[in-house]
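Several structures are given next for inspection.
First subunit A sits with subunit B, and in the next complex the same chain sits with subunit C.
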Partner chain A sequence: MSPFERFSHAVKQAMIILLVFPVLAGTFGVILPAAGFFPALGFNTVDTQAIHAFFATPELVSIIGLTLLTGVGATLFSLVISIALVAVVYCYRPFSSTKRLLAPLLVLPHGAVALALIFLLSPTPWIGEWFPYDNYGVSIIFALVIKEVPFLFFMSQSVLAQSALNKQLSGYYRTGLSLGYTPITAFLKLVLPSLYQRIRLPVFAVLAYAISCVEIPLVLGSNNIPTLSVAIVHWFNNVDLALRLPASVGAIVLMLLCIVALLLWRGSEQIIGHYYQRFVLNLNRAGGQLPLLILGTVSLIGFTILILALVSFTGVLSFATYWTSGSVLPQGITGLNWSVGLAAMQTPLLNSLILALCTSCVAVVVSLLALESEVKNEVTSKVVSRLMKRGGSSGYEKRFTLILFIPLLVPGVAFLFGLVWLQQLVFPERLWLSVGLSHLIYVLPYVFFSLAHSYRQIDPRYGQMAQSLGYSPFRVFIHVKLPLVFPSIAFAFAMGCAISLSQYLPTLLSSGGQIATVTTEAIALAAGSSKRLNAVYVIVQGLLPLVIFMAAWAIAQSFYARKTK
Partner chain B sequence: MALELIDLSVTKDKHALFNVNARVEPGKVLSVLGASGSGKSTLLNAVTGQLESVFTVKGDIVLNGESIIEVPTYQRRVGVLFQDALLFEHLTVGENIEFGFRNRKNTQQSVAQLLGEVEMQDMQHRSVSSLSGGQQARVALLRTMASEPKAMLLDEPFSKLDTQLRAKVREWVFSTVKVQNIPTIMVTHDAEDVDAANGDIIQL
Partner chain C sequence: MFNWQITIGFLKLNALLCLVVFACGTIGATNEVRFHAWGGSAQVNQYIQWVSQQVNQQHGITINHVKLADTSDAVSRVLAEKSAGNHHNGSVDLIWINGENFAAMQSNGLLAPSWVNELANFSLTNPTENPAVLTDFGLPTNGQEAPWGRAAMVFYYNSAHVKTPPKTAHELMSFVVENPGSFAYPTPNDYLGISFLKYLLIALNRGNTDGLYRPAMPEMFAELTTPLWAFLDTLHPHMWRQGTHMLRQASHMQRLIDDEVLHLGFSFTAAEIPSAVNRFDLPPTIRTYAMADGSLSNIHFVAIAYNSPNADNAKKVVNFLLSPVAQAYKKRLDVWGDDTVLDVALLPNEDAQLFQVEGAHPSALPPSERIIMFAEPHASWTDALRNAWFERYGARY
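== the complex of A and B ==
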């Protein structure tokens, strides 16, 4: 084994540790305070006081109920709508341009969506009475659905783009049509069962995120009953430091809620799966065709209108002098909001870009080396070649995918506080390193997934041929493999930047509020008085990932253009 | 119940791929031969109504006296057997066949009976991945026949079977379409397939 091969193996092991250790350590970091042990605050004995204090929280049942309702509700709606969209795009070619329409929503930070919704809906008195800030979480579910539908849609598209699986499923679909099933019915009965198995982990990640998300309920949630994650953040950030103990109990309860919700979801899958099998075999040639066609079409139109409305309204608001509630247009137009906003934003903007570019660079390098180590791992390469042939998942693949999903499945609120505590203990002065590591935990899985498919598709004979010409494994990696996947690298880098730019809680907690980014500032301003200034932040927050994606696309295009000259 | 291709032509980028006139009588097999890229699979896709939007189709396809060229794929009642059996892995052997039926009347009994006819009576509840290539081909045909097709298309259905099995499955498929009086179009590269079909031949 060459030094490079050993190095790539070591990087893969480090990647696994990087994904698992902070989550475990962070979780451990909240268990001790939850048990009443927090020497820094003078709590030196283990007792149940924190637990009693947590369970004495007024309206706790409503808080937990709202958390579960918004989490499960948002996941359910997102899944159904994304299935309808995937079905119409799969079955009807004219709908395939939808992919471009939903792409901007995918990279838009959650906080930006929530804030843009506030701008859009607040001035409308008849909606404003119950939406946003409603006690039933309708607005939270709505905002989560807007963000999670594109995520599930694109995860499905990437699954369906896998050549071996695509060939198998399109064969199923064509067979279904030739047996007399209508297009969407054939999709539901023959394509969806295989597809759902492969998007199960992303669905679980959506469920865990929807239950533990902070930004959206913080901005859109009720002032009377918060979700549990928002309540925990309030307790942790309270001037009364003793509240950190019940907050730690809350973090563990939130994690348990996630586990319960995931188990319930899994149980429901079994029950629904039983009835779904009946649906598959009920011989109804048009079952589900009309409802899903309508839902898919309506969702598509709805998303189009919503995107246009959010963009145009936030844009106009950022230039407004004064906009009274109920008026169709503002009283006047000014550039003042932008000049004030941009002047104040310089440092947060720079911080955001430094964090995004650095973490994405590290994530791309680590992911590429981890993928390269798979090729050299005999067992893994056998697994990969089997996957390429069958389009299925092996035990190894499932385990590694699960590790990649760990940071997405464990609520950030639950482990980030513990992680920060540990970071302060280990490297108290390294603020940027702490924040960078917190971002990397979330950036790495997305970058790896963005790269994995194309890297694993590289024909191994390229490497064999290059080595036979005298190239070392490292030179094959640099001169042969990286150029082959260059467009994917550009896309993965942009994806990493988008994920880093959207991070609110990891930035806030790891830096203790000392490193401001556009996202943390935008959320902080939501509580302030000027929505117009806030709109400037939201636009910049939305534009940053879009600009990076466009740059990545342009670089990938120019790379191809240069190669084909 | 004949299948007619009347002046059927397919063009791509203003370039005509082929122009076909043919009539397939009930129970007969029309063999379509041609080099790779000559448009054999495109012809089958035109008959099933699954041509990609880059192709333009002209002429008419008449099945049982009625034009089906404007009819959606799923209403044409044209069964297809592909190179691969394409058995659905989330369904058992029996359920794969059941999926093809048009009504629920006695489906279980019918599935058992159909499997019995091909000496696979014990395999109704087995996973499709446990079947051999020949067994998979038989289940694929049973599934297609269960949907009561009015015409059948064979897209090199025997090309992946070994020589011995190929002759057996081929004979069984041809005798089935003959007994059921189904007009059939077969795309193939194999001269033995053409000889066994014993029908008209088109060279694209």
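== the complex of A and C ==
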């Protein structure tokens, strides 16, 4: 093996460690205090006091119930709605151009979506009666669905875009149509089963996220009965440091809740799968056509209206002077909010950009090298994998995908506190390094996924040809492969920036509040006195990733223009 | 030879030190007043600068503003001087103080004995009607500190929705019952939240408030809080979100008033309301007023260190600080916006007019508004009240 090959292998191993170690270490870091061991506060013995303290929390059953209700409810609604949207877009071409509309919701951070929804909905007459802060988690479920539908939708789209699978599935679909099935029924019976198999991990990630998310229930939930994640953050940040012990128990309970919910989901899959098989095999050629068509169309229209309303309302609000309730437009416009907001935002904005650019750079380089080592792997075990995989992915690849999903499946609230404790132990003064590493855990998987598809599709013969002409593996990597996937690199880089920009809890915890970013400031201002200033922050939060994506697109375009000259 | 040089050098140094000490003593005793005051606010610093110019013209006194990061620094300096036996030539003349720092200085005998009644302008605060200027967080001032400024809890309402705002605690109750969902207050973790509870506690125990100015003993606490809990038990179901979701911060209350969801709010800084209106964060129909049954108020004072060599000049400065001119200038929104401790109703017309020059902002507290001041209860009531509230109404996250 050449030094480069060895290096790329080493990077891949490092990447696995980077993803798995912090989660394991962080989990370990909450198990100790949960067992009553926290020497810094004078708790030197292992006992069950912390566990008793946690289970003595008043209304604990309601807290756990609300957590499960919002988590499972939001995932279920998101899945059904996104399937309806995918079906409508898959079956009816004219709809496919509207899918671009969902992109802004994908890149906007959760906290920003929650804030924008408050601006739009809380002064609205009858919606304002229950939105936000209702006791049953309806507001939380609503906001989570708004945010997770685009995620599942685009995950499905990227699965359906894989050429081999696409060819296979559209063959099934056309056969269905020719046998007289209506379009959506054909989709449900012939495409969805294969599609669901491949978006199962993203669905699990949504479930885990919905159960453990902090920003949305913090901004929209009632503080009378909180979700468990909000209660945990409340205890961890309390002046009374002894509350960290029950908070650690809470973090472990939250992790167990996630596992229980995932198992329940798996169990329901079996049961629903059983009935679904009957549905697939019955000869009803229009089964599910009408309800799904209606749901898909209504959701599409609903999302379109909501996004347009959110964007225009937030935009106008940021320039508004007085705006009495009930009037369509404000009495006047002013630049005051923007000048105040931008002046206050300079440092947070700079911090956000530094973190986003650095972590994305690292993530792109690491992902590319990891992918490169994987290609080698495949070439050497080509025959074996050919025999094994039949067009699907190999067991190795599946295991690696699972590893990539670990940070998305283990609740951040649960392992981040432990991780921060560890970071303070290992490098107490390196704030930026701590925050950067915490971001990287979340940025890496997304960057890897964005790159993996196109990198794995590079025709190996280009590389073999170049190597036979005397190019070293390193030069093949730099001069042959990277140019081939350049647009994907630009896109993956922008994706990494968007993910880094949206991180709230990792930034807050790892920096101990000392590195302010636009996202942490926006959440801090959420309950502040000026909603016009909030609007400015929300817009900046939306514009930043948008500008980065556009720049990535422009760079990719000019790259090709130069190449084809 | 070598030893001699050192000895001579040492003698020279001693002589020099004596000179310096002597010089300091003479300078200190002339016309400089060293005003130890927290220096964290540009507005306050500029105001002290202005005061310095004024007293220099009137009395030939210069003020040396020693900008403190924390008032307790000056307290410990005086304490150190006392323990070192420096009883006549201290480095602190005037000190801006209240609450626990005052308590610490008083109990350690670090303050000049009763001097406030000597000041001509002190009578303008109308101490018999406004006993709040004579107590500092439950401690009698004993004439050892003079009131300088005040923050009082004022209420504000949206006149587009509310014609006659409630003027007493009992009117507040009927207002909330008649307009369900239009009022909310922050949890006692917030400064304004706990202040609201204190206001109710005092207002609901009218004529029986002596116990509030002594340490909170369980029996007294139970007796005095009974009417408060009864009041809140009735109030909560009629509040915004039926009192289940409670505001975390007072700033959120202000935002909901801007959203025209709530129509009544309160603040400890009257000056902040017109400036929020100017920033468009509150509607222009907002009006500010003070409760007729009293406003919780928080007075800040100035005191003189017991070992100040310039006590007489310091008193002249304090007398100027209490003059209508200085108090009116301090109250201007563009200067500091700090409320006066004078009873403006007592002032002769020409002086009272000084306070009326500004206040043209329709949302600001009308300058003529008479404020009956409730002094802060004894410091021990704060924690007791907060804990009891959470015990009774449940934790809020």
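The rule we apply is simple: the second predicted complex is superposed on the first by the 545 of 565 C-alpha atoms of A that agree within 3 Å, B and C clash if a C-alpha of one lies under 4 Å from a C-alpha of the other, contacts with A are read in each partner's own complex, and residues count from 1 in each chain.
To be clear about the criterion, contacts are C-beta pairs under 8 Å (C-beta built on N, C-alpha and C of every residue); 3 or more make two chains touch, one makes a residue touch a chain.
If you're wondering where the values come from, they're calculated on a predicted model, not measured in any experiment.
Enquirer: Considering only touches as defined above, state whether A:H453 meets subunit B (first), subunit C (second), both or neither.
Expert: Neither partner.
Enquirer: Please indicate which partner A:K99 is in contact with in the superposed arrangement: first for subunit B, second for subunit C, both, or neither.
Expert: Neither partner.
Enquirer: Have a look at where A:R475 lands relative to subunit B and subunit C in the superposition and call it first, second, both or neither.
Expert: So A:R475 meets neither subunit B nor subunit C here.
Enquirer: A:G171 contacts which: subunit B (first), subunit C (second), both, neither?
Expert: first
Enquirer: Is there a shared patch on subunit A that both subunit B and subunit C touch, and which residues make it up?
Expert: The overlap between the subunit B and subunit C interfaces on subunit A is empty, containing no residue.
Enquirer: Name, in rising order, each residue of subunit C that touches subunit A in their complex.
Expert: 160, 241, 244-249, 251-252, 254-255, 258-261, 276, 279-281, 283-284, 394-397
Enquirer: Could you pull out which subunit A residues touch subunit C in their complex?
Expert: Contacts found on subunit A: 58-59, 122-123, 128, 133, 135, 222-224, 226, 230-231, 234, 320-322, 324-325, 334, 336-337, 340, 527-532.
Enquirer: What residues of subunit A sit close enough to touch subunit B in their complex?
Expert: 93, 168, 171-172, 174-183, 186, 189-190, 193-194, 280-283, 285
Enquirer: So in the complex, the part of subunit B that touches subunit A is made up of which residues?
Expert: By the definition above, subunit B touches subunit A via 48, 50, 53, 72-75, 77-80, 82, 84, 86, 88-91, 95, 98-104, 107, 143-144, 147, 149.
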